[in-house]
Structures are given as structure tokens and as C-alpha cells.
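Per-chain numbering from 1; labels A, B, C, D, E and F assigned in written order.
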Amino acid sequence: MTRAYLVTVALFALAFSFSYAYDPSPLQDFCVALNNSSDSVVFFNGKVCKDPKLATADDFYFAGLNIAGNTENILGANFTPAIIPGLNTLGLIVGRGDFAPNGQAPPHIHPRASETIVVLEGTLYVGFVTSNPDNRLFTKVLNKGDVFVIPIGLIHFAFNVGKTNAVVIYSQSSQNPGVVVIANTIFGSNPPINPDVLTNAFQLEKNVVEHLQKIF
Amino acid sequence: MTRAYLVTVALFALAFSFSYAYDPSPLQDFCVALNNSSDSVVFFNGKVCKDPKLATADDFYFAGLNIAGNTENILGANFTPAIIPGLNTLGLIVGRGDFAPNGQAPPHIHPRASETIVVLEGTLYVGFVTSNPDNRLFTKVLNKGDVFVIPIGLIHFAFNVGKTNAVVIYSQSSQNPGVVVIANTIFGSNPPINPDVLTNAFQLEKNVVEHLQKIF
Amino acid sequence: MTRAYLVTVALFALAFSFSYAYDPSPLQDFCVALNNSSDSVVFFNGKVCKDPKLATADDFYFAGLNIAGNTENILGANFTPAIIPGLNTLGLIVGRGDFAPNGQAPPHIHPRASETIVVLEGTLYVGFVTSNPDNRLFTKVLNKGDVFVIPIGLIHFAFNVGKTNAVVIYSQSSQNPGVVVIANTIFGSNPPINPDVLTNAFQLEKNVVEHLQKIF
Amino acid sequence: MTRAYLVTVALFALAFSFSYAYDPSPLQDFCVALNNSSDSVVFFNGKVCKDPKLATADDFYFAGLNIAGNTENILGANFTPAIIPGLNTLGLIVGRGDFAPNGQAPPHIHPRASETIVVLEGTLYVGFVTSNPDNRLFTKVLNKGDVFVIPIGLIHFAFNVGKTNAVVIYSQSSQNPGVVVIANTIFGSNPPINPDVLTNAFQLEKNVVEHLQKIF
Amino acid sequence: MTRAYLVTVALFALAFSFSYAYDPSPLQDFCVALNNSSDSVVFFNGKVCKDPKLATADDFYFAGLNIAGNTENILGANFTPAIIPGLNTLGLIVGRGDFAPNGQAPPHIHPRASETIVVLEGTLYVGFVTSNPDNRLFTKVLNKGDVFVIPIGLIHFAFNVGKTNAVVIYSQSSQNPGVVVIANTIFGSNPPINPDVLTNAFQLEKNVVEHLQKIF
Amino acid sequence: MTRAYLVTVALFALAFSFSYAYDPSPLQDFCVALNNSSDSVVFFNGKVCKDPKLATADDFYFAGLNIAGNTENILGANFTPAIIPGLNTLGLIVGRGDFAPNGQAPPHIHPRASETIVVLEGTLYVGFVTSNPDNRLFTKVLNKGDVFVIPIGLIHFAFNVGKTNAVVIYSQSSQNPGVVVIANTIFGSNPPINPDVLTNAFQLEKNVVEHLQKIF
């Protein structure tokens, strides 16, 4: 079983709620998404909503962010977004992240949202890197009660440098931030990127690139 | 000491971080606010930023959301926003809410943000009311790990119906959501609203209105 | 017949044109709404439009703002929006307000628009209150030809303090401003808000709250 | 005295309030412009505001839309915008238009706003033309109480076809709609456009073009 | 065969890709338009997209901007937009313009986009005029490798003042800029604008106006 | 001399025009940036502009996109943006890219813009990868006259697979797209990212990671 597959599984809950949503200003009190899957029959820049007359409090409710996610995967981490149909059009999402010791959110970018991280338990080494040409690294080691901000579109990561599990509540400024995990996007794309591009770009031996493309 | 004064104090930390900020798309990697006070010498639709070359990781960092706020006030509740200069231009804010038993966030509106509430401890009765003409009430009793969504611009409230303190992490889709607490905006404005308007609007005896205007 | 019902009727014309529309930039010359009712079969963040080839001048036209609205209702006021399908996507609406002596637009909020009021006849006491913690009241007594501005999301009101009818033309910066009338949203919601929340928030005797919930 | 000069004078009040303002979402309760002139020392995409603590009700107030504008000019029309510093950041403006018999608002475009026209008195022939390739003309003859909508960015005009003065209240979905009057922009630019461009574009004799460039 | 017909044909390729699209932020990776024609069965502020799972690289691809457009038309110019379904929701379009000697893009406005022009071959006289009351003309004669910027909503033109064909690559900040060509919008609308309006606005003899309305 | 330094130099012209600008709707005809450097004394979400009365046609003009950039650098490529102060607030930028045989634009992301590429000469292998969990690769081999679209926020690359130089005109839907080159952001940040994070994320031997951090 390839790493790419495992990472995909580990990220699927995260990605699932991010399919084909949108963030304009809400232009009615609410617009509860008919469903959060991508099994829609009509696609446009957003989601079909249910008749507002049929909306209920349950459409704005989610239970279970107190439950630890399973971190027994290649990342040693798990992300549980609060998938709530009522968030449709509201430009916001919240979720829980769990990190086993040495577990991590590998370097990634959210193309459509800034993010805040609130640490509930444990110790995380977090950071982001600015764009070219400076590529400055901003990092902090976060403990319980600490908050860190990740600006939209910048590469960032989190790494559990503590001896215990780490738990965070993350918030993002979009209902559909999207996630581009660098390593498996670069080395695990389907189909693979021409190895010549990557050997050149990353200054790696071709056999190393091909090895990475195999495992991701 | 009037209730209005106490409520103002209780809400001041919340309001402090909400002065004269703004939420367009960030158009550089970040734009760290020079300060979060309203003591600026120049005012426009947003905030003056520090030279990006001088930004540090501390500008994106806040400590202390693990510390309970003091709920010994008229609301029996306390709100601690994570005041972070780096949030300037990023369209997001996060904070902690504490509720003593029977403590509450009285009916209020955020003019510039939708909100999510994640319950870390305790039991909260939360709800919002839709706009006219339906004025439908959507409510839930939330326990640990539950999440609820408040659409932008609608009246909502939270009430601790449990026997223990309740703690929440709230997130809002603006760096400057603003807060309009109905009771002390209506009855505690400075100067007071003409009582004839309120007696008529709320169908209250004039002496009741004037009493409310005294205490708020 | 309850007051809530009467207010609902008085506000219905106002609310009718406000169902499920939206305000992004128009991205074609126009997008004439198929209808302005909420009887749509598809719901999303906006409205279905008619084939632009079938649009006519009548889709951009409304007649009757010269006709006084009936103010024989609990508010002593009446609001007549110009319901025009061609306004769909254009971020603007205009209407007429009539106020009998002592008639009023009770304290309310438009979650999605700023507003201008132009007085054509009579004398109105108008005002708005800023958000917490200041809650400053800004008021003016307006006469014929006077204009006043209400910023988006703030509580405001208008009261006919003259001896004759007052007439205004109001404009709002959204096709769907929405209206949250404080009194009947707080006391007239369906179902009612738990009275404990309101007694605490408004410092009213429980029997007063329950009385208000009965009449609204 | 050239026609261009007269038109400029006739349009100046209209244009005056349109200098260098902007329309993002307001991100504080309000941001009252320090002044409405273009005599600012700092320029950016919007206006410098006064300290919000110093704002007064007068900043949101304008008097005089009941006063007829002087239509003794080349257009036979006059436009009086309600210049209100408090409109800064609120995305809305309102004004009065006066038309003598045969007076007109010549074909023009507002680059940054849609518009509604409410007729208070008289009879106006109004219309707009859609973009290429259809160039469909939509027109109506409006009488007292009629409303017409002009979508953003389309050429439109109004012509008093009645025997009496016509008066309208216009509203626009921007604090700074801008106005491009076709005839004096094309033929009255400073310096003039190369006549070869215009003879070719408008299929006019060169001497006709040069004559038009002289009078505009 | 009228000039209006020829201009319409000359502009049709340009206009074809401009029907009923929109420019909010993309809120998924992409939203490939099902088609670029206006033969949709559903209309709203944007376009129906294909199932993202079915998108292919061809949806983001266009061939042929190296091919000169046919300038044997009344304009002596031809515009070839790169019609790409994958541009839907991305707020950008690019195309090629060809100008025979003395060929031109007559004075026009793009209601929904700013524009850049890069000259690949030849010599163009380009310019734009600011809004009222200044109506300042900004012009340049562009040669190979020169770039010029046209702000959104302003009247602009390009004229081949060289002895050879001119070729440009133009880019616009909208997927659907729209084009309002002044001359055939004013004189070639369908139905025609009342000649009294135009004689008055353009200070032309009525027979000249009627002649222009015939040829456009 | 490290590769990171060379890449920085190669990207500097690209990055230079991207400092601290912004993309709201323009709210006046134009707002010409006082300068394009980052040597401003005031910083906010955008740029200070010059007095519009002092703007000239040169502020909207750039010369030299016909001149090939120097590709004798580590990328074998060079990017020349058209740095034009008048683009400030217009949401658009255009530039020229040169690629020597085997030259490339290594995998990178533009956090704030979508992009179109028009090939003027040569043969380029271009592609982008969708976000998680699919990570689908979309690629094309482009020849003269071909156009390809890159959606905002996705990793993309271009590689000259021909035997001759390749030349492109690129357009982006922001005045300040920003550029995050994956390899030198991940391995060349300043200071370096903790190697443990990268070994884990990229499944590379620690010595390989440290080697990469040395050369980037």
C-alpha cells in the first residue's frame, strides 16, 4: 500500500468538506447546502441549497470535536473538520487536529484561506515561509493556550515536538480553504510529473526522484 | 455603578480588538498592524501596518487562551479575543468565552462576521433568530465537542444552562466583527434614545423604559 | 389578533422583495430574476434569471411610489419597496416609507445594507447607535429635503414627531438588505426564546417578558 | 464660452462628490471622510477619515434636496448629489435631478455604479443600451411615482418630454459612481482626440468632427 | 449591407466569449464552463460547470493566437479572444488583436475590466479619456514591445498609424469584460434612440443623426 | 555562490513589482502608485498614490517586452514583468518569460492570481496539479500561438522541451500575484526549516535534506 494512498486517506476527511463550495457574502440569512458530497448533478461556483423553509437547527450543528482522531497513519496526525451544511456561504470553517508525538501536518498551502491554530494540549513547532524572494521562515513552539496565525497562500507546517499527543482547534477564513500538501502534490500527482522537471527543480538524482514518486 | 458600565467593562476586551480594522483580501503576504488600539493618528478603512521587513513571529502569536476569564460581572461571562496584529487583513479572529452557571452572552449581533462556537466544557443553550417576517428561532443545547454556527447579522445568544462553568472557542469570519448587544444598545445608548420611541416599539410603560435606561 | 401578526403584515411587503437574492458584481449586462417570490425550485446564493434575450424594459420598471402606503397598522407606518426583477445582481434597492403622526420604524438592523433616507414631506426624528462599547446615539430631526445616512449593521429608527404624515424615499446598498426588527425578533420569535434568557438580558420581571412575548 | 465649459460647470456638482473615494465593505461602524474635496495630501484607493471619536450626526446629514437645481444651462438639467462625508465606505449615494422641458441627461455611463431613478414630478423618456453585439435599447416614458433601473456600465440617458419641469431622486450603488458623458468625453477631451480616429469611428466628415471638437 | 451589421460581425468573435459569465473568487480549484455559448437552459450570475471529475487539460487550452485575424472589415481590425472554458471563475481573459494600416478599435468601454495591451508588431496610437469633469486624454504611440494600460470603465481607442499591420496581445481583468462600442451603441442601437436626444446631446443636425443611424 | 542566491536574483525582477500592492476594485479612475519599490514610509493593504492631477501617460506605459531576458542562470529562464505604476488598483499584470532549451519555471504557486500563458516562440511542457486528495496533473505541450490557463493557488510549472528558446507573454489576475517557488521555499528558507520536518515530510535521508538546504 503506497504512502500516497495512506496520505490520501488521512487527508480525505479534511478534503471531503472542501469540494466545490464558495465564499461570497451570504445574500440571504443562510443558504444550507443540500449536501456536502461532490455527488451534485449541477455544478457552479458554489452549492445548491435546501429550501430555507425546511432548514432546521441541525443544519447548523456538529457533534464530536471532543473525540480524538486516529493518528495511526503515515502522518501521525489526523484532521477532523466540522462538516456543517449551514456553513455554506458563511466564509468560515473550524476543525480539530490531533498529532501523535512526532506527528505532523507536512508543509502545505491553503489556496483559499488564512488560518488560526489554538493549542488545547501538547507542544507544537509551527511555522510558515514568506513568498519569493525573501522566503523568510517564521516559527514558534506553541504550548497549551497559544495561538498562531498562518496568512493565506503561504507554505506552513506543524510538528509535534512534545512527548505527548497534541490537540488543536483550527479555524479558516473560507468554507472551502482547499489543501495543497507539497510533497504528495509534487511527487504523488496522478499521473506523475515528468521526472526531468523535478530533478532539475529540486536538484535531486533522477533515481531519488523516481523513488519518491513511487512511495508518494 | 450602572449595569451599562459593568457590561461595557465586561465587553471591553472583546471590543478593544475591534476598533477600526478591515477585511479586504490581503494583497501582500501580510500587513501586520502597527498597533491594535484606536490611538492612530491616521484613520481610513483599515489599519496602518509596520514595515514588513520588521515583522517577527511574535506578530502572529498570542498566549493565554488556556486561562479562564473572570466571570464575576453582570453577564456572568467573559470574552477573550486573541488580539494579534498579524491578523490585520486576514479576515479571521478567534477567542475564548467563559460562562459561569447562568452566565450568558445576551442577545447580540455581529454586523461584520459569521461565527462558529466550539464547546470545550459545560452545557450551553445557544440560538439565533432569522430576519423578518419569519423570525424563526433555531436553538441547540451544546455539550463538550459540539459546534454551532451563527450566520452573519442575525440576533443570537448563549446561556449556560449547566451546573458547571462552560468554556468555548469562538471563531469569526472577520478581523473586526463588531458587536451590537441589543439590551444596552437600545436602553444604554449615550445619550439615551427618546423614551417615546422605546415605549412604542417595545410596548412597555414609560416608567419601565426609563427604569431600564437608568440601569443600563 | 396578536401584535406580532400585525407587524408581520406591516413588514411583509418590505420583506417580500428580500427573499433569497444576492449582491456580487453583476457579471453580464443584467440578470433579470425569473420571479421575486421565494417559490423557487432551486436555491443557491442568489436567483435564477430569465433568458436575457427575453428581457424587456418592463423588467427594469416599477410604478406607484407616488401612492401613499396604508399606515393604519400597529406601527403607524408602511414601507413600499420598488420590487423590480431587473435589480437582481445590481446591489441596490429603493422604496417609499409613509409615517402617520407618531408612526415609526421601530429600532431595527439591516444585516446586508447601508441606507439613505430622503424626506419628501413631514418631520422625522431619526437616529442610529454605534456598536459596543461606546453605543453612541447619533440623531437628527429631519424636514423636507433633508437626507440622513444609516451605516450597515447598526440599530436605527425613525419616528414621526410632526403633526402631519411624513414621506421618505429610502435607498439601500443591497438588493436584499434584510430587516431585523429588534422588538418582535427578541420577543416575537417562533418559537419564543427561553424567558430566562430575556429576563436576565433585559433586567425585566419574568411576567413582563412573558407579557411581551404574548403581545409580539 | 464653449459648450464643454458649460457642461463641465453643469456636471461639476455631480462630479465634485465623486473624487477619489472607494467602495469596499465598511470595516468599522463608519469612516467619515475628512473632506470631500480632492485637496488631500495623501492619495490611495479611498479617503482619509476623521477620528471616529470626533464624528457627529452632522457628518451623516445633508439638507436641501427639496431645492430645485438651476437648469438654465446647456443641458437644461441640473444634478445635486447629497454630499455627505459619512457616506465614505458605505457604497451608496443619492441625489436630486432637475430637468426643464427638453432638458436632458445626455448619453453617459457610470463606470462604478448601477442606478435607480424615482420620478417625483414630470415626464421623462429614459433608456439604456446593452453592450455589443446586441446593442438593444430599453426605454420607458416615466411619470410621477415611476421607477427605472440602469445597470452598471451601460450607456443611458434621460430626456424631459413633458411640458413641465421634471424632478427625480436618483440612487447609485457606489459612493463614487463616476460619470462619463459620451459627447464631451469623445469630442471635448483635453487635449482633443486625433480627428482621424473620430472621423473614422463615427463616419463623419472631418470638418464636422473638428466643428464638434470646437463646441464641446 | 449596413455598417452596423459589419461591425457586429467584426465584433462577434470578441463578444461571443463574453456572454453571461462572472468573476467572483474561484471557490474550488476550477469550475470549467459547460459551454461558452449563450444557449444555456438555466441563467444566473455566472455559468454552469462540468463535473470537475470530467475536466481535462483541453479545458484549459486554446490554439491559434499565432494566426492573424481577417481585417478586411469596416474596422480594418479583428479581435480573437482565447475562448477557454477553464477560464470560468478565474477573472482573466487574453486575446489577439490585428490592425491593418489605418485600422482601429473605435472608442469603446469595457464595463467589467481593466486592460493591458502588448504590441508584438507595428505602431499603434492608443489613448483613454478620464471621466467628468476633467476628460483628460492620455495617449501614447506604441511600438514593438511597448505596453499600455487602460483603466476599467474609461473610453479608449487604438489606431494603426503605421504603414504595416499591427499585432497586439491584450489581457483583461475579467472573464467577461463586455464591450460598449460608442458609435454603434449610440447610433446603431436596436431600436434607434429618439433622434431628438442625439441631436441635442451631440449638437448635430437632425439629418446628420438620421444618416448616422442609417449607416450604423 | 549558492543556488538560492542565484534563484533569488533570477526571480528578483519578478518579485520586485510584487511588493505591498493590492487588488480591490478601483474606486476612482486610477490611483497611480507613487513608486513600485518597497521603500515606502507608510504601509497598509496597498500603495500610496500620486496626486491624480499629476498623472501622465507615462504612468500607464512600459517599454521593452520585445527584449529577451538573460537566461544564463540556474533556472535557464528569466521573467520580465511590465512594472507600471498605473496598474495599481487595476487587478492585472502582464510580463514576458524567456526559456533557454531545458530552462524552466520550477514548480511554484501564485497565492493571489490565476494566470494565462501565450506562447510566442518555442515549445513548452506546462502543467498544474489539483489540490488534495486528487492531485490530478493537467499538462500540455504548447507551441507557437497556444494558450494555457493556470487556476489560482495551484502548483504549476513550465519546461522548455524544445531545441530553441521559448518566449511567452503571461498575464495574471492581480497586480501582486506573489510567487512561492516550492523548492527554494522549502529547502532555501531563511533560517532553514528544522530538517526533521522535511525528512519526515519528503521521506528523504537527513543528509539529503541537509545537502538540499545547503545548495538552495
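Just so it is clear, a residue touches a chain if its C-beta (ideal position, glycine included) is under 8 Å from a C-beta of that chain, and two chains touch if they have at least 3 such contacts.
Bear in mind that the values here come from a model prediction, so they are computed numbers and not experimental data.
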Touch-network distance, chain B to chain E, counted in steps: 2
Same or different contact residues where chain E meets its copy chain D, judged by the half mark: same
Rotation angle (°) superposing Cα atoms of chain B on chain D, nearest 5: 120
Computed distance of Cα centres, chain F from chain A, in Å: 24
Separation of mean Cα positions, chain E and chain A [Å, integer]: 40
Junction residues of chain E, two or more chains touched: 22, 24, 26, 29, 42, 44, 46, 111-112, 127, 131, 152-154, 178
Arrangement of touching chains [line / ring / star / complete / other]: other
In contact (per the touch rule at the top): chain pairs: A-B, A-C, A-E, A-F, B-C, B-D, B-F, C-D, C-E, D-E, D-F, E-F
Chain B - residues contacting chain F, complex: 22, 24-29, 31, 44, 46-53, 89
Chain F - residues contacting chain E, complex: 26, 29-30, 55-57, 60-67, 82, 84, 86-87, 90-94, 113-116, 118, 120, 127, 130-131, 138-140, 144-154, 169, 171-173
Chain E to chain D touching residues, read off their complex: 3-4, 8, 11-12, 14-15, 18, 102, 104, 106-107, 109, 111-112, 125, 127, 129, 131-137, 152-155, 157, 159, 178-194, 196-198, 200-204, 208, 212, 215-216
Chain E - residues contacting chain C, complex: 19-24, 38, 42-46, 111-112, 174-176, 178
